[in-house]
Amino acid sequence: MKLTVYLAGEIHSSWRDEIKQKVAALNLPIDFVGPMENHDRSDNIGEEILGKQPDTIFKDAAASNFNNLRTEVLLKKSDLVIALFGEKYKQWNTAMDASAAIAFGKPLILIRQEEHHHALKELSRKAHATVETVDQAIKALHYIFE
Amino acid sequence: MKLTVYLAGEIHSSWRDEIKQKVAALNLPIDFVGPMENHDRSDNIGEEILGKQPDTIFKDAAASNFNNLRTEVLLKKSDLVIALFGEKYKQWNTAMDASAAIAFGKPLILIRQEEHHHALKELSRKAHATVETVDQAIKALHYIFE
Amino acid sequence: MKLTVYLAGEIHSSWRDEIKQKVAALNLPIDFVGPMENHDRSDNIGEEILGKQPDTIFKDAAASNFNNLRTEVLLKKSDLVIALFGEKYKQWNTAMDASAAIAFGKPLILIRQEEHHHALKELSRKAHATVETVDQAIKALHYIFE
Amino acid sequence: MKLTVYLAGEIHSSWRDEIKQKVAALNLPIDFVGPMENHDRSDNIGEEILGKQPDTIFKDAAASNFNNLRTEVLLKKSDLVIALFGEKYKQWNTAMDASAAIAFGKPLILIRQEEHHHALKELSRKAHATVETVDQAIKALHYIFE
Amino acid sequence: MKLTVYLAGEIHSSWRDEIKQKVAALNLPIDFVGPMENHDRSDNIGEEILGKQPDTIFKDAAASNFNNLRTEVLLKKSDLVIALFGEKYKQWNTAMDASAAIAFGKPLILIRQEEHHHALKELSRKAHATVETVDQAIKALHYIFE
Amino acid sequence: MKLTVYLAGEIHSSWRDEIKQKVAALNLPIDFVGPMENHDRSDNIGEEILGKQPDTIFKDAAASNFNNLRTEVLLKKSDLVIALFGEKYKQWNTAMDASAAIAFGKPLILIRQEEHHHALKELSRKAHATVETVDQAIKALHYIFE
Amino acid sequence: MKLTVYLAGEIHSSWRDEIKQKVAALNLPIDFVGPMENHDRSDNIGEEILGKQPDTIFKDAAASNFNNLRTEVLLKKSDLVIALFGEKYKQWNTAMDASAAIAFGKPLILIRQEEHHHALKELSRKAHATVETVDQAIKALHYIFE
Amino acid sequence: MKLTVYLAGEIHSSWRDEIKQKVAALNLPIDFVGPMENHDRSDNIGEEILGKQPDTIFKDAAASNFNNLRTEVLLKKSDLVIALFGEKYKQWNTAMDASAAIAFGKPLILIRQEEHHHALKELSRKAHATVETVDQAIKALHYIFE
């Protein structure tokens, strides 16, 4: 049995690569999908496709079309979602994707540092499991295949 | 990961071939499905299977059985729907299929010329993305696989 | 038992008033809801709430937010939908609302003149019943309560 | 027809009272529900019911049980959700509730200041409407009843 | 708490009246709904609303629109379905309505004489309870309110 | 694209073999599934697995467990259902399976002889298409792949 | 706003009366429903309605029809479920009802004594909240209305 | 056609191996999945991933996260669930998983010894089939492929 895992969350660090490499080393049969990780491309994709927009708000609105499209197609193909909250940025998208995953019936692993426990307590309770590190999330993935 | 894309909309121009060729040139792993594109066959399929009907209204009703059957089987196999509104014809079918796609939880890309923006504003808001050309829709497909 | 009926479709004639008056005369326990019938208000509602937009396309996009919001709240409160296609205008919204009604599991009565039978054949097949006049639709409503 | 509206979002300002008073002045038939607005009570409810917990993380986990329980009961009774993002705090809960509302099929109005447009662009696209002020949200509510 | 019960099944005997009278005598808070019980009216309703049809098959097709419309509106308003199989007639409609009830998540009581046990064994297994008489079905209704 | 088609209905004639052979001759990529076609085995499966039952009613109840189990597993794997009503027998199971197919969102082709048009009018209206012969059903399958 | 709460679980103690009285004293607008609490009646209801069965297994099977029917009708009318595990008996029904509640999207409060924490850990994790006493459950109900 | 079967229930005997070997001998195309069968590992998985917990209750809560995550991922990949109730232990998890299977629309075979018929009567009625031995369950699997 093969699983597809969507990696939601911040795109400013290389945590996705870390997961992919470690899971590959463990030979777990997992395909990973996720959002556009090139931040500029993610911000500009609306104007790239639709052309110049009136101002930055409309530019953002244009980009959001294609980011949501991508996320929804890939999230629906997934068996499980891992959402990582990083140290900075607002990350409302991460909370949105995590909540959507729960609503779509996709089991959810939340990765968040201890310092965020208060602000994430309700989302954490809705997740199937909350861990603090990428390595812990990998152990959880591994446990499914044992 | 492979996607199946349903191409809804007008069957009087060759926009489907254009998408298929350009997507093939890009090597995107996409299978395309869609409605019967032979207009006469689509209109006559009811009488072809069920025999001569009392009048043109009943002939239409007979054909609609098999066109709806085909659409529903193929739409449910799809991961994404692209709906194109052309320059003429009523195209209520296109609006119907686009709306059904949204209701089935299939992400939707709408292609419509600028001149239709007013009449399509509510459907456009429900779509995941609205573009004006086939090339823009292909860019959106491409973005999913980047 | 009381029913709520959503009246989808064109807003240029007074067919909704006709239905309401005739149903009232029959003492059928039905509440009617529907879209904003003041066409200008429907077109301008985006700018009225959000302020002046960059151009007419953005003005339309702004208006569609609030028209869709209204439709979805009211459609979900309804037990049955009647959708009327009139003699002119594109009426893609009507096809969209009718298709959404079917998808939400709301029984649908379609009113369309005979001349539209070809263009509406697939939607007609999906509807629970297709009639040609308001009076026929009222008979169908009446039949539910007999 | 009466609507129930869930007011999601920050609990540090009095925006809920403002909405309730203005809607009452307009005589709109709306019942409002929402989260526990007493912040301390919301944080302490776990220990109040279950007793002293080992540390603040477990205290948060305990509280989250009852906050989620309350939210889910009330959200499911609602016809529409308004989610307000304020000027500070992480507000991941607000993003979570807004996303859950969409997933439950509850139409969503987002209130956010212009400065948050970038961070909220994807959630904003999923909402039925995004506005910047409480007064604009009230106009949207009013439009449903016109 | 009040329940709405849909009485599916044959319309050639007065079993519905029997249930209604006995339930009224027991003061159970139940509203009953069901199909058109006037057989001729049920057969002719299509032509009554749509006018003369080309032949009896088209007449049947026309009638089925309005019978299905009525059933679906009322079935969806119900909390429980009782389906009675009588001694004669094909009663495929009864099997269809019973199966639809199960699919819609409506608890189902089947009334069938012992002689039909073989032909109805699979449907009986899907029903919540199978009884042989109207009085037994009433006892089952009564048990819900004890 | 490959489709799985469930062949519901009577098990006293060889109509399933006819469909399979003709579809094979057309090289359509279709896998067929269906109920146990050995009538005795279908009737005895309960006692074969669970042992001798108290009487024929309990024997039927025992068999229905395993027939329903088989049907539900296979029906859920299918993309489309063909249900054939034959010339005799009660065939309530066929009506039940056809109705369940519709409820599960599986497109349905009904095969029934003209003489049954009255008794099957409501089920026929719910089906995607109603035909009179196996050959017509095969044409409908063929149309999906053209 | 009024809530309906289903009280699942053991029927050998008077915990339901305790909840009802204390909630009444608090003037919370809650209606309570639940299973047949007369144990003998619950065991005998199958034979009471269907007559003498061949042995105790068939007697149990007969009773289960009507107990499941009652539970499903009432559970579906509820906004929230409280499930109490007592000190003895197998209580698989309680686990079944609690799990069904979660699946139906009904928020769940679990009451279990500390000694059962190990055997109930997975169900507890799925519940919205787990408490040890009736009084704690009442506090949770109260919190929803504050 | 290949099926995936989830084997829920007690993990103290080797019944899963027995099923796998006998099904392999029959050459049935079935993949089996199920819970962690190493009891200690199942109990300790929370502390293994999250580290030492304050007491045994929190240790259990921690473990339940990962056991539920595993179960939900695998259950959703399954076409059918077999749940076995053994001779001892509380087995509330088994009842929970069986009930969840029903709710997810997964056909369910229950294996329970005759002595448990009373305590499991309601769950047994909800299952598609209840048998007493592993061999009977295998016969039921076999019947699906005949």
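For reference, chains read A, B, C, D, E, F, G and H in written order, and residue numbers begin at 1 within each chain.
Convention: a contact is a pair of C-beta atoms (placed from the backbone, for glycine too) under 8 Å apart; a residue touches a chain by one contact, two chains touch by 3 or more.
These figures come from a predicted structure and were not determined experimentally.
Common neighbours of chain B and chain F, listed by label, are E. In the CA-based superposition of chain A onto chain D, the rotation angle is 180 degrees, rounded to steps of 5. Comparing D-G with the candidates E-G, A-D or B-E, the pair whose contacts agree for more than half of the residue-numbered pairs is E-G.
The chain with its CA mean position farthest from that of chain D is F.
Spacing of chain C relative to chain D, judged by their CA centroids, is 31 angstrom.
Taking the mean of the C-alpha atoms as each chain's centre, chain B and chain G sit 49 Å apart.
Residue positions of chain F touching 2 or more other chains, listed in rising order: 65, 68.
Pairwise chain contacts present here: A-B, A-C, A-D, A-H, B-C, B-E, B-F, C-D, C-E, D-G, D-H, E-F, E-G, F-G, F-H, G-H [touch as defined].
Within the complex, the chain B residues that touch chain F are 4, 31, 33, 36, 41, 45, 48-50, 65-66, 68-70, 72-74, 76-77.
Looking at the complex, you find that chain D touches chain A at residues 43, 56-57, 60-61, 63-65, 67-68, 71, 85, 89-100, 102-104, 114, 116-126.
Those residues of chain E lying in contact with chain B across their complex are 54-55, 58. Those residues of chain C whose C-beta lies close enough to touch chain E in the complex are 1, 3, 79-80, 105, 107, 109, 128-131, 136, 139-140, 143-144, 146.
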